[in-house]
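Structure, as structure tokens:
To keep things simple, chains are lettered A, B, C and D as they appear, and every chain counts its residues starting from 1.
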Amino acid sequence: MTTVDRNLDQLGDHGHHDEGSYLNPKYGPIATVWDWMTTVDHKKIGVMYLFAVLFMFFLGGVAALGLRIELLEPTRIDETGNLTGAALSFLAEGETVSQAAVGQAYNRVMTMHGAIMVFMFIVPGIPASLGNFFLPLMLGAKDVAFPRLNLASWYIYVFGSLFGVFSILMGGVDTGWTFYTPYSTTTTGQPQVIAMVLAAFILGFSSIFTGLNFIVTTHKLRAPGMGWFDMPLFIWAVYSTSIIQVLATPVIGVTLLLLIFERVLQIGIFDPGLGGDPVLFQHFFWFYSHPVVYVMILPAMGIISDVLAVHCRKRIFGYRAIAFSSLAIAAISFLVWGHHMFTSQGELAAMVFSFLTFFVAIPTAVKVFNWIASLYKGSITFTTPMLYVFAFLFLFSIGGLTGLPLGTLSTDLHLHDSYFVVAHFHYVMFGGTVIAFLAGIHHWWPKMFGRMYSEKGGALGCALVFIGFNMTFFTQFFLGTQGMPRRYASYVDEFTLLHQISTYGSLILALGFVVHLVVFLHSLFLGEKAPQNPWGGLTLEWETETPPIEHNFHHEPVLTHGPYDFDEVVPPGWDPKDYPLPEPTPGGHKH
Amino acid sequence: MASIDTHQPALPQPGKEKVPLWQRYTHGHHWRNADDEFDGAKIGIWLFLATEVLLFSGMFCAYALFRLMYPESIAAGSGYLDWRWGGLNTVVLLISSFTIAMAIRNVQLNQQFWARINLLITWLCAAAFLVIKLTFEYIPKWSDGKRPGALFDYPFAQHAHENVWWSIYYVSTGIHATHVIGGMVLIAWLIYRQGKGAYGPTHYTMMEGVGLYWHIVDLVWIFLFPLLYLVH
Amino acid sequence: MTATLAGINDFVIKLFFGQKADSLVGSGLGGSDAVFLFIWWVSVFFFVLLMGIMGYCMVKYRRREGVPAEPSPSHNTPLEIAWSVIPSLLLAVMFFWGFNGYMKAQMAPSYAEQIDLIGQKWAWSMTYSTGIGASEFTTLGGNNNVPIFVVPAETPVRLRMNSADVIHAFWVPDFRTKLDVMPNRYTPYVFTANALDRSGADDRVQTTTDKKGNEYAYRDHIVYCAEYCGDSHSEMVAVLRVVEPSYYQTWLNTPPYGVTTEPVEVGALVWQAKCAVCHTVDGGVSTGPTWKDAWGYSREFTNADSLTQEMIDRDPMEWDNYIRESIILPGAKVRAGFTNAMPSFDGQLSDVEMRGVIAYMRSLSDRDPGTPIPGYPELEAEAAELEAAEEGGE
Amino acid sequence: MSHAQEHEYNPADPHGFHEDGHHGHVIVPWQVLLGVLLALLFFTVLTVFQAQFEKHAVYQWGWVIPGWVNIVLAMGIACIKGGLVALFFMQLRYDSGINVLLFLFTLFAVWLFIMFTALDLNNRGHITEWRSGEVISGGSGVGFGEHGASKGRVDINSAAGPVYMRVKDNYIAEHGIEDYEAHGHHDDHGGSALSDAWQSRSHSGLTPGLFSTGVWEHLDDGHGHSHDDHGHDDHGDDHAEDGEHHDEEHANDDHGEEEH
């Protein structure tokens, strides 16, 4: 009994009144580094994840810029064997090269971009960084359920990423991030391919551990008084994400394992020459990789729900609809993987998968409708996070709507594997996830680092990113419908103009990120100190200090209001004079 | 899981050596109480088991698909296996599953001696499984040339895709055997910790976790056995 | 009004696709262009609606200091049901319409013209019912040896596609359909090309004269490989030349070469069709070794005993055998400095073509039989004699 | 835990916590565990018996048993066994709802995975029959070194032919055809002749005209071609009637190939 009793006594009192910020260095510099490397504090792990994934985003982004610059002009070889036209031809100046060699280089960079962005940036991205930092805070918990597992997951992430980087340093892989057999099992570059596949395999464990941790945390560590429908929508989204991570990732594990066996031992399960079936690989692959698309986008949707509500001071419209649509998307995501394979599978499966694919459009559409409806009668500010929310709504709507011709069978036969697909998923993944990630980083930046950032700088960065992104990818819709296949290192002359607009757009996009980098660095070193609750948020992370103390809360928080009761509650840390409440209306609240 | 709290007050020194480890266990500081921690750990373990099941589902899926595509090769391949070794291994694993369940029961009742015996039997069963697998299945078959994929070197094959059968056989039983090895390491750790008195009626999370893992290893074999040895 | 709408629709199609679909799968009421337009208008409606409301709210409900947000309902069940159900109905239309069009791209009538197609790193090749293949080539992008495949207009055509190595995908953007080309099974590519518009309204329809002097009208469509397949993926293109059905029959029965054609000419054609992606004939660098000044020289291999000058001098046929072996089993002897990237052409070349390739390679070398090989003029003469006898015997 | 000594341990209720509705600590009676073990052993015997009996019935009594009976019975028994393990050994019967739900959802995901994949791969030939046929080319299999891959990684495209034929040819080249035939088929192929459910779809994809090289002739032998007299349909019937004929028939077949 004693175990229980002692802790029951402490309920509501975590007993750490004199603690400082989790960021405070307590010992000498080496000890501080050691403290960070061995920490089990979810906040520190979240910050370490944030920097790790942003570094990977930088690497993948450099690769993307390389691709865009290569595509500025079509590659042509003149009679003397010299490259003409291609913007990167100076790299091969004075050498005789072949079209195939250019293609080879391009394919390696293309794979590097895809593999880094997917496995090392966007899948762990939001959940492992912002999720790790804010999920326990929003739940009012001291930490995630299994703190050491959490740290292990970060180390596994780093270890896996090192394999990926090793693979690139060894000369890179040209399999594409999808590793389609039999190309991936027969292409040259044995150590690199195995290293890259192992990287994805290892990163899977990191993903599983993060997801597992979040599910248990959400189940068992909610603050007293917090029912399932008192949770912020970000938690719902991360929870749904975690379910997908746990259930889908093992399948990519066994797939990649088989791929490694295939390359090392030639076991032939996916090898047509040995009786295997390459389409089986595609099924295995997409059983993971389609749900994982929702691992990428669901947390972004969660961020949008929360950020939008706070910056509009408006209860989110249709809370339950959004919460359930997160779960519905997670569930349906397991039923639709075949829509990546309309051109390689049988007619019956294509029909079934196309039919089911449209079901995933409904909860997604419901979310967008709800967000737009939440703006109604709000009190909208134009802070950087909110600008990003508007950018998200604009770009994600395009991304979602362009999914329709891809889910429709007859139009997909044309658009499959074309630039239209490239544009579509960049609108969803970049216009959705990355934009929401940026919204989230700006929204929670003061809480994480205790400093405000420059609003003007943030807005400038947002504008550049928005313009650059649209220039880069909107053109690609037209490229795709006009017949430009993806993963081409060169193209026929007709596509030159659109490719050039796209490349110049990507440079503007890169400039936008440079602006953000400057703004963040400025904020870290010179930014003014952030108040406890700069935006007036009502979720629990705003109730603690800025930045949070080591054990999150001085007292275990007890939930007294919902996450979005903006017209009933003065936000923590605010003077009621600065926050006029509307006249209470009878029956106008409680979702 | 284990405590991470560095702020725990030191235990009173007198009588410390007499208090078994399991009674001195304190739950992680971020949990409200030990039961919450136990429940949370159990959900975590079940989630992990879910990932295990889905990992194996890949091999079951490959089996099902190749059975649909090349039924005669798979049936012929099944014919090469001797159900007696498979059956013996099934019995061995079932017994080990029973003994680890008994070991947990013993720990719950603080019957440390019997817990130890049961854990040892479990470990020995696991070892026996591997020995049988290796000496009577893997080694003779491999030296016959019954190997996966391109390594296939058995001249008396009758069907074009018998190499695919051996790929499935080796990979699925190989992944399973890897899990058995992992289980042996974990059970050995349990035996070591149990000897230190780490598990008792109020704290046996680790035992419960390893037990569940071991049962899932058994469960997978329960399905692999008929699929590989009996279905034709 | 209807005319305006049709005009706008045409504009949208032109904006996205360049021109209307040139096949039955793409054009017509059930075609994918019509489905695309339907999806386009649905999307435009919802996008404008949502962005309109968003823009309105941004202006109307922007924050004013000291003024709280007005209370508003937190949910509205009928509204939420409506915006779930109405889009669902539209989605159902898309699905059925799309499935209908998809089936058209899968099914061909029994009388459809059947052509075999092989995709290979990194070239397409077709075998027609008469056994002939592409005989003309053009330049497209960075590829100077793009085969021209002649197909009939207004006739259902079914390509039976198969890959010799990895997965490729056959895509004719103007036909609005593509399908993967698999190494372990056949897949069908079904299309009915629209009639040639010879009124002059379609500037893509042109007239030309073939080698035999027949004048014919045609319309060209580009074929792409849409499934990533490696280094020269972006050069794996072809031209589909749609001609009048009557001319197609003529063309089908005039093979580009027979046993009487000069072997060197045959070899040059085969090179263009199958080898030019990786082997240059002018000494240039590419994936594979160049054919210029190759024949008759000693060779080092990474995985076999080298072909020494001594062996070649003893019997120049060693080189011919080496060529033949490399075509059938490319991995048997991989030349030092190159990777084993070549797929097997086993069964794809006839005897005539094989001999043609060898003759062509000889003709490209400064050590070809015309040049006496130092030290062994009589052996050389014997070989030439043998070859002449062989050709005479055919 | 400073007062651990005071903690009076009660086996029936180790935490005194059963009132708060959590399900973690259940002590399963040993009789139940032992009973489950015995049941599991019984079902193991049953499933082996079922498979052996079926084989016996087909060979000795010539029963015609549809192919699905075997798999349904075997999998049914396996499901019962799995259920017993999950419910009692893994204590799902006593566990909280969330874990049960989780387990069921996992099984559902597995079902989805297998069913949808099979839906595609087993239904390719609805419209064009040759879509479901099999052509072997591409991948690494177009190439095999001298002896399988026992000499290291197989080179792509360095040789051609299905593995099993190549392995056989190598053996015969090394030991002679007599040795091969004398060796016979000592392995138990028993199950392969039970019903016609195990037969492949016909590999109608091959056109001799397109691939008229030696490689493809191997495939033609006995692999479901309608024009092939030694197709497996015939073998199946033979075995069902006369098990002893088995080896001889195959040896002849193989010999025939050798003469090509």
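Going forward, a residue touches a chain if its C-beta (ideal position, glycine included) is under 8 Å from a C-beta of that chain, and two chains touch if they have at least 3 such contacts.
On a predicted model such as this, the values are computed, not experimentally measured, just so you know.
Two chain pairs, A-C and A-B, are weighed by contacting C-beta pairs, with A-C ahead. Remark: subunit B and subunit C have CA centroids separated by 51 Å (rounded to whole angstrom). In whole angstrom, the spacing between the mean C-alpha positions of subunit A and subunit B is 35.
Centroids built from CA atoms put subunit D at 40 Å from subunit A.
Shared interface positions of subunit A, i.e. residues touching 2 or more other chains, are given as 3-4, 182, 186, 219, 247, 251, 265-266, 268, 271-280, 283-284, 347.
Looking at subunit D, residues 1-2, 4, 7, 15, 17, 98, 105-106, 109, 113, 117, 121, 124, 127, 131, 136-143, 149, 154, 156, 162-163 sit in touch with two or more other chains. Looking at subunit C, one finds that residues 103, 106, 165-166, 183-184, 340 touch two or more other chains. Applying the touch criterion to all chain pairs gives A-B, A-C, A-D, B-D, C-D. Against subunit D, in their complex, subunit A makes its touches with residues 1-4, 6, 181-182, 185-186, 219, 247, 251, 265-266, 268, 271-280, 283-284, 287, 334-335, 337-338, 341, 345-349, 352-353. Those residues of subunit B that touch subunit A in the shared complex are 1-2, 4, 7, 25-36, 39-41, 43-44, 47-48, 50-59, 61-62, 65-66, 69-70, 73, 148-151, 160-161, 163-164, 167-168, 170-171, 175, 202.
Interface residues of subunit D facing subunit A in the complex, by the touch rule stated above, are 1-4, 6-7, 15-17, 98, 105-106, 109, 112-113, 116-117, 119-121, 123-127, 131, 136-143, 149, 153-154, 156, 162-163.
Looking at the complex, you find that subunit A touches subunit B at residues 3-4, 7-8, 11, 15-16, 40, 141-149, 208, 211-213, 215-216, 219-221, 246-251, 253-255, 257-258, 261-262, 265-269, 271, 274-277, 280, 283-284, 551. Considering their complex, residues 74-77, 81, 96-101, 103-104, 107, 174, 176, 180, 182-183, 186-188, 272-273, 277-279, 312-321, 342-344, 347, 350-351, 354-355, 358, 361-362, 365-366, 368-370, 372-373, 375-382, 390, 393-394, 397-398, 401-402, 404-405, 407-414, 416-418, 477-478, 481-483, 485-493, 566-567, 579-585, 588-591 of subunit A touch subunit C.
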